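What follows is a set of structures to go through.
Each of the next two complexes has chain A plus one more chain, namely chain B in the first and chain C in the second.
Entry: the complex of A and B
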């Protein structure tokens, strides 16, 4: 293993690697994705102190100095986190930077930024082997607050808020005109759907048994919102979906059996193996087998499409690629289609395999 | 008249050799500009990529004019003055400027702009194809964002050559057919025009109606200028974006701006063949002296 002068192996510095640190791999992946997304979309927008919530931030130093300090600190911590160095400290620093930025400017305050700061700070509290229950309850708290807030709001219940909110989004206007009933019914229906989903997610994420279903429902809900409104709500889409990763069971090894003669399968396995920095894939090539591709994770066995989906879902670089693409693409145009395509492909693979099983 | 194809108009790119009624074309363009005067007013103040590119084009034109060191009170004509920002800046620089446009709304805005800036500015409603000025009347003619919207650009260039005195200058812009933004999008790539046309006829879909702006290859535009009596002194291309894929914006605004800045820097340094790959092709041309 190649080591540099400080005795740190090059592999350990690989940003695509998520094992070998004090944080659970899935939590490390989650915070890396949030940090990456923040760097690509929000870092430049970190504000100068302006009407701060804490008055001392206005007088502590010139506003430009405070801004530069926050930006530099965030950048250094994000780079160190991506390089797997002092990951817990970096999480605290990143959370602190975002929290400080929010506290320093009332105009910068937004729920999604507070949530981002909370996820960083809570991830920093985690230790190896510890279940991320406080991240889960943070997510529950967000949905509870959001759901109750909407439920108690007359305009949300009547659909008026939704109507005003989406009045500038052409996709929503097209959806309204495509449906056979009046637009206000659509808006009321969607409002209640939003309230219902958010309250379901409160229950879903509170119960361990319902977490997988809640993850799917939450991903579907946020992707649908992105497609309909063309907005990721700053950090909200990426931060929330990345936070879901913390609740997933992340295996230490995955057995992959594939048939050499199936060219697409061979290429996929080779590509994933090449970029599998954590070496969790244990591959075995066969000349003949019942299925061209089968993946065994713990006691569960997946075949064909489901197997490919599982491989991609347990492949950290895929998430990084998706995050970078979504951070760079315009969410009103190609960004939303990308999100929809990925979500549909992942969901559809379950359906396809079930049908095959029945057949 | 001013160039506004990113301001929400339904715009299709014109093809060479297309035969359409010139009056009808011009009337469509005039009506569109007349009804979108307000939109145009804000374009130079925006922070979006289109506004940045328009500002860069105007700043480049003004910098070139400044470097000419024209004598005080030298006569200048601006064709398609739009909201009058360029004319006002030229007048503030000491030139005696006539701002012209086809659209009354634009001329009124140009007048207001000049009054706000407290500079003297003459305004006139003229057609760029038939300028109502005597020959060799101006030291300088500026026509930014005008050529793409004319039914006969050559006729307008001939008119420009007529009203500029020998040794005088023309600052003119054209929409660049070789723009990188179009080359990377199969929907606009000029090399795929034939394929698109065939696909359209196979599908039985006629070309979408709407405003048509003319595109020029840089070399073709230079030749046009030279054929009417100008010699190109300076050329530049400006504007890398908004990048599209199948006609849809591809990048977030922030990344679009960043990419434009980086590519513009490379284009200004004449690197990677980007010199002529900007959206706008801007030329400073000098009218040849008699017998020159």
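Entry: the complex of A and C
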């Protein structure tokens, strides 16, 4: 194992590696994805202090100096995080930078940035071996706040908000004119659907049994918003979906059995093995087997499409690739369709899996 | 019990409980800061700013408040009026600007807000 002068192995510095740090692998992956997305989409927009929530923040130093300090500190901490160095401290620093940026500028305030700061700060507070329930309850609180705000707002209950929201959008107007009932019914239905989803997610993410359904519902909800509006709401789409990783039980090993003569399967396994920085895959080749691909995670066994899905879902580089693509692509054009394609593919593989099991 | 008592855990718990309390508190006010009320409003607005009898242009208003003069705002009106008011009471105080904000929320009746 190659090491540099400080005794740190090159493997440990691999940005695609998510094990071997004080943070649980799923949490480290989540904060890396959020940091990467922020670097690619938001870092340049970190503001100078301007109309701060805390008055002193625009007088402690020249605004340009504060802006440079925040940006530099964020960049250094993000790079160190990606290189798996002092990950909890880096999370704290990253959260502190975003929080400071928000507090120092009213015009920079936005819920997506506050959420990003919260996730970083809470990840930084995690103790070694501790379950990430801080982050889980943070997700619950976001949906509680959002759902409650809508439930208590008369314009949401009546559908008035959606009437205003859709009034300038051609595709909404076309849809409403095509429906056989008055637009106000559609608006009211959409309002209550959104309120229902958000409040369901409060309950769902608070209950271990409902977590898988909640992850799917949340991903469907946010992807639908992205497809409809062409907006990721800055950090919100990536930060929230990354935070869902905190609910996952991330395995330390995965057994992969595959048939060598199934070429596509062989290529997939070889590619994933090559990029498996954490070495969690234990692969075994067979000449014949009941299924071309089987994956065993703990007591659960997956075959065929669900096995492929599970391998990709447990493969950190897959998430990194998706994050980079979504951050780089314009969400109003290819970004939204990429998100929809990935969501549909993952969902479809669950349905196919169930039919194969029955059939 | 030892885990609950560690300082980072206590800070995390306090942070989350504080948030819960703040969420409930902000529902009793019109400010809606830091309470996870994201993009729940459609506010169409127009800002008219006069200094010394002269109306500021779109570019001047944007440079002044770092916010467009005319647009769509997806938070409560109070967020926008707080931006304007804080600017005019601090950086812009010597200008003695007169500000008129015309807005409607969720296609409701037009409302006005003045600062001078």
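Convention: the second predicted complex is superposed on the first by the 339 of 359 C-alpha atoms of A that agree within 3 Å, B and C clash if a C-alpha of one lies under 4 Å from a C-alpha of the other, contacts with A are read in each partner's own complex, and residues count from 1 in each chain.
Just so it is clear, a residue touches a chain if its C-beta (ideal position, glycine included) is under 8 Å from a C-beta of that chain, and two chains touch if they have at least 3 such contacts.
For clarity, every value in this text was computed on a predicted model and none was experimentally measured.
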Which of chain B and chain C A:193 touches, first, second, both or neither: neither
Which of chain B and chain C A:149 touches, first, second, both or neither: second
Touching partner for A:111 - first (chain B), second (chain C), both, neither: second
Which partner, chain B or chain C, touches more chain A residues: C
Touching partner for A:131 - first (chain B), second (chain C), both, neither: neither
Contacts of A:54 with chain B and chain C, given as first, second, both or neither: neither
Partner chain(s) touched by A:44 [first = chain B, second = chain C, both, neither]: first
First (chain B), second (chain C), both or neither touched by A:13: neither
Touching partner for A:203 - first (chain B), second (chain C), both, neither: neither
Touched partner set for A:328, first chain B, second chain C, both or neither: first
Overlap of chain C and chain B interfaces on chain A (superposed complexes): none
In the complex with chain A, residue positions of chain C that touch it: 3, 6, 8-9, 11-12, 15-16, 19-20, 23, 27, 32-42, 65-67, 79, 82-83, 86-87, 90-91, 105-108
Chain A contact footprint on chain B (complex, rising order): 245, 248-256
Residues on chain A engaged by chain C in the complex (per definition of touch): 50-51, 53, 106-107, 109, 111-112, 114-115, 121-122, 125-127, 130, 134, 137-138, 141-146, 148-150, 152-153, 155-156, 160-161, 163-165, 167, 233, 236
Of all residues in chain A, those that touch chain B in their complex: 41, 44, 327-335
